[in-house]
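The structure follows.
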Amino acid sequence: MRPSGRRPDQLRAIALDTGVNKHAEGACLARFGDTHVLCTATVEERVPPWLRNTGKGWVTAEYGMLPRSTNTRTDREAARGKQSGRTQEIQRLIGRSLRAVTDLAALGEVQVRIDCDVLQADGGTRTAAITGGYVALAQALRRVQARGVIKTVPLIGQVAAISCGLYEGTPVLDLDYAEDSTAQADANFVMTNTGGIVEIQGTAETTPFEESEFLALMALARAGITELCAVQAATLAGLE
Amino acid sequence: MRPSGRRPDQLRAIALDTGVNKHAEGACLARFGDTHVLCTATVEERVPPWLRNTGKGWVTAEYGMLPRSTNTRTDREAARGKQSGRTQEIQRLIGRSLRAVTDLAALGEVQVRIDCDVLQADGGTRTAAITGGYVALAQALRRVQARGVIKTVPLIGQVAAISCGLYEGTPVLDLDYAEDSTAQADANFVMTNTGGIVEIQGTAETTPFEESEFLALMALARAGITELCAVQAATLAGLE
Amino acid sequence: MRPSGRRPDQLRAIALDTGVNKHAEGACLARFGDTHVLCTATVEERVPPWLRNTGKGWVTAEYGMLPRSTNTRTDREAARGKQSGRTQEIQRLIGRSLRAVTDLAALGEVQVRIDCDVLQADGGTRTAAITGGYVALAQALRRVQARGVIKTVPLIGQVAAISCGLYEGTPVLDLDYAEDSTAQADANFVMTNTGGIVEIQGTAETTPFEESEFLALMALARAGITELCAVQAATLAGLE
Amino acid sequence: MRPSGRRPDQLRAIALDTGVNKHAEGACLARFGDTHVLCTATVEERVPPWLRNTGKGWVTAEYGMLPRSTNTRTDREAARGKQSGRTQEIQRLIGRSLRAVTDLAALGEVQVRIDCDVLQADGGTRTAAITGGYVALAQALRRVQARGVIKTVPLIGQVAAISCGLYEGTPVLDLDYAEDSTAQADANFVMTNTGGIVEIQGTAETTPFEESEFLALMALARAGITELCAVQAATLAGLE
Amino acid sequence: MRPSGRRPDQLRAIALDTGVNKHAEGACLARFGDTHVLCTATVEERVPPWLRNTGKGWVTAEYGMLPRSTNTRTDREAARGKQSGRTQEIQRLIGRSLRAVTDLAALGEVQVRIDCDVLQADGGTRTAAITGGYVALAQALRRVQARGVIKTVPLIGQVAAISCGLYEGTPVLDLDYAEDSTAQADANFVMTNTGGIVEIQGTAETTPFEESEFLALMALARAGITELCAVQAATLAGLE
Amino acid sequence: MRPSGRRPDQLRAIALDTGVNKHAEGACLARFGDTHVLCTATVEERVPPWLRNTGKGWVTAEYGMLPRSTNTRTDREAARGKQSGRTQEIQRLIGRSLRAVTDLAALGEVQVRIDCDVLQADGGTRTAAITGGYVALAQALRRVQARGVIKTVPLIGQVAAISCGLYEGTPVLDLDYAEDSTAQADANFVMTNTGGIVEIQGTAETTPFEESEFLALMALARAGITELCAVQAATLAGLE
């Protein structure tokens, strides 16, 4: 039995709310149970130096946790004067995942910056950030396309992410903190709505795991991501 | 006429919501119109080095803005590797303001850290932070008193804050961004529920101002802070 | 009785000496009793990026304390790798105060940098820095006007600053360290020679204070600043 | 055809040389073709603060590239004042991988620090670092066991790593830089000598990939890691 | 002819003034012509961690330049967030030089920190800092000996420093900025009052120099340091 | 007797190996006994800002030590976030020494960056870095001259460096760590192949030394540098 009483293949309650920031071109508050991540998308009509005069655009991400998003307070990275290795690892992952479904040539010399800030954490913040970040990105691209900044909405698919893990010997979907902190192994999967694999990050936390176990996690993830993509699609359909 | 259509002595819609963070000992989402600041209070049973073995406690604050809380994106301080002078100035102000109503000797060797994170900004973020920070502090102190960590709730009054300014020649209360960015002068006032002055920060933005003008701002602030203290009191009464 | 034996409305011995730096366009060693601040003004014929091509100039300030300017040694900020919040707060205040009396449009695309370094501290360093910084600024502007870099001396008034506080229940002018460290409340006032208010920063150190107390402090400050402006004027007259 | 002329399932020339540092408790120069990584192991009889008095030890890693290990010079991280996100990501991976085969309780309150410095890079530096880092770790543990610092050599298996990728549509083993920079997808696998999976990191570089493609990469990796473990075993056998 | 009209073997006007800081245990304003360096000595009854429980003390130094001590303004190191290589090189030199005449065992577990801040620079700041730093150190040691903090004044000699250089082919003593910036070679010499060599730093600025030239510089330095030691001795005699 | 059994005037075994890096324009592994420094030269067809449009080039150096190049591990400077004063002092010395034999005007607007990384340290790393850095520089300049980037090889001589010291009262050449850590005085000499002095850095470690002692060190250095220049010349001749 999972601590939350969920079935092994059951996601937490998922909500992707737009309309949560009056300034940003795109915004989504992604909630996976008690994990709440506020994602905003900012569109800038300039690109990093290495892309100037290439005709191509860029999508990048930053990630942060509010100090008391966690059970015990985490030091503020701005006060410590640097971002942790974990933060940098996660924001690089979010950026790669969103670029995987963006046609950067069709975007033109435009940069979209996705900010993912964790208001409350209960496991799976990076997967909520990717899933909500996609919605913020899509909303932003639609808006600036409507304003004529870009000609088309240069998205070639949806992308979403979920974690899975071996919890007390059983493969389970969408780990919450209680599970994540004791799992034997966990893996984050980033996939498109058509089942293409974008990123896999699997880690044995206590003991190495077997290929069959890994494949069971991937199967759970595939089903979970299909559900997440449906929520994304419904959210975006509601914006039209 | 104010851009928002408010009367000169009219606050924006004020909301102080608790129950917005499942981890923190105290939490309050302070909304002054479109300015939204999430305040959490963390209680630690240890004090900074200079207070060890003095029997006294401490209240301190940190402040941050989410990158897209502002109309155009502001660089993330954690990524830049340091907090701006403005950030440090504001967090020092919040800390001093809350300490002014805390009996640090009665608190004992306990530290309360108030984190104020701006989710959306429209002027007056520091005043919302102080006003909401007080609620988070009071809730946290009540909770740890209930748990026996401290014997009494060591608060000697309420504290709240508001800005005023000279907008197109008229003294007005609770500046929003449209007013703040063009005001001739503005001042932030921090006062207790009994009218004691805790902090005054007045600045001539374009031309020096007269003492009579300053006194008109202070009178507006006094009335506004009375209203804010009433909202604080109602919020805290609802927790009992 | 004040520790120094001064009357409540009495300034310390004030000296504003120019001719203390052979390199700077303007320089003033401001002494308020045992508080000694060396102020230099550097004129640069370029402005910060956000002012380029606007035809407007800028005045900015930096502040520092020599490590042993204080009673016990303070760590060197250059060695610690960052400026404290207090330092940044003070240098922002100095800059705003001096800009308040400068016609930035008349200055043209020129930047004046005021460096205020505390050689010896005994309370009131920021007020000495503003008062001396004005002299350095005025000297520098006269010199570069004489060289033809700017057409006029774009000053629209004098500016000076002083602290006041409630010391053992009595409002007193120009706090020294012995008073400052035990005052119930203190306030810094920045005003022009014509009595216009540029900045007010009042803080209750131990208990909130009353409006009547605050007005008494402001009255003391107004008289003190009149005296300081007279010393500034005499100093600058001596340069002609 | 691969740029190097290798078969799809062929490793580069592999060399793991010990005896390359007279100071370190363990050392290994790992060469995967033209990728050369110098790994040293330092044994310290103290652990990080969070492990004190737990009876458990720790294995951690740091990673760096010499500025001209790369084709065009890379800025020195010590001069830039911080480690890149990539560097931190890699050193966290190396540490986790080596801890996966270390019995930290059997190690006792001892820390082993693995330094992996890239002298020359041609793709796959993190896999060479893990593979050589294991040899340095094993040598160091044997030596300090011989000196009586620890009772047993607390290793529960070997660990090695290799990259695979889809190069021009074909799954290939052990990417060199020419392949890595143009691969459609690549994945790093960390496994034990008994085939247990320790880490998987797969990334679609250009377009999402299929599960079948991923499984082909994993099969290649499994065979490659078996070969690497044999070289490790032979190297360590030669030290006895 | 030297730009200043001095003879090749002539020092600039030398002044070593004590009584320039009311807080420090020792203080000296060292003036070598237009080079003015304020040196303070702070005595702390604790030593760096590596000396604890050794019974030995330490003398260390820090160095800084006020931003407008130079002809054109130099960025403030505290604002830039780090000390330059030049600054660190100089403060290490000052510390080594002063330790060379201090009996650290006789000092006991006490640290003396020498702060050398350049108020105005015209070449030779490091030599003025060492020469004045010695006076501040000696004054501080006498004072704390008088207070009983230490038993004896643990100085085993005087130390002073001077620069020499090849200016337009001629060896000259005590370079000012006009000479320093165009010298073919320059060297800094640190010697004791009995002629012992403490430090030599010689650098060919434009072309390598000959041993005979170097020996001519050393002879000039020896005579100059004898003069400086006499000024030091007179200054310290005046304190008794 | 020296710890190594060497005669007072005997260098350690010297080896200068090129062909140690496939990417760099020039490279040399300099070995002075157990001190091993990997030097690479990178040629860039752009110069620092202050040299743009002057027609002149630049040679600069960076220096680092691998964490376990030392007997006990030294913290990684990239992880600490800054380079030590010692590191900066050494890399400035290497840069000055190499520029002393380079005709910067003949080089044209080209920058050569020398990276010196200590793989294993046993005293004298800076002298090995200069001696090997010269070989890397010369190789790089020859190569880019062959490619037509520069017209001539703008070297006006060879440069090499060696340390000497007073070890148990005797002047000895080329200190190893055992000698360096206990020497009464040590000095580093940088000279050209024709005997010109480029840099001298002499330090009394325990007690001041006499001029005659210093001259004995310089004589040893001169002979040692003649030997080093012969090895450099043979190495470079082998490249032709």
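All chains are identified by letter, namely A, B, C, D, E and F, in their written order; residue positions are counted from 1 within each chain.
The rule we apply is simple: contacts are C-beta pairs under 8 Å (C-beta built on N, C-alpha and C of every residue); 3 or more make two chains touch, one makes a residue touch a chain.
It should be emphasised that the depicted structure is a prediction, and the values quoted were computed from it without experimental measurement.
Asks: Where among E-F, C-E or B-C does the D-F interface show up again, with more than half of the contact pairs the same?
Replies: Selected pair, repeating D-F: C-E.
Asks: Roughly how far is chain A from chain B, going centre to centre by Cα mean, in whole Å?
Replies: The mean C-alpha positions of chain A and chain B differ by 33 Å.
Asks: Averaged over CA atoms, how far is the centre of chain A from the centre of chain D? Could you give it in whole Å?
Replies: Each chain reduced to its C-alpha mean, chain A and chain D end up 28 Å apart.
Asks: Just how far, in Å, is the C-alpha centre of chain D from the one of chain B?
Replies: Taking the mean C-alpha position of each chain, the two centres sit 50 Å apart.
Asks: Listing for chain E: what residues touch at least two other chains?
Replies: Answer for chain E, listing residues that touch two or more other chains: 81-82.
Asks: How does the ring run, chain by chain, when chain E comes first and chain F comes next?
Replies: Sequence of chains in the ring starting at chain E, next chain F: E, F, D, A, B, C.
Asks: Mind listing the chain A positions that touch chain D in their complex?
Replies: Residues of chain A touching chain D: 82-86, 88-89, 91-92, 96, 100, 157, 187, 191-192, 194-204, 207-211, 214, 218.
Asks: Applying the document's contact rule, which stretches of chain E touch chain C when the two form their complex?
Replies: Checking each residue of chain E against chain C gives 21-24, 27, 34, 38, 40, 42, 44, 62, 64, 66-73, 76-79, 81-83, 87, 113, 115, 117, 119-120, 122.
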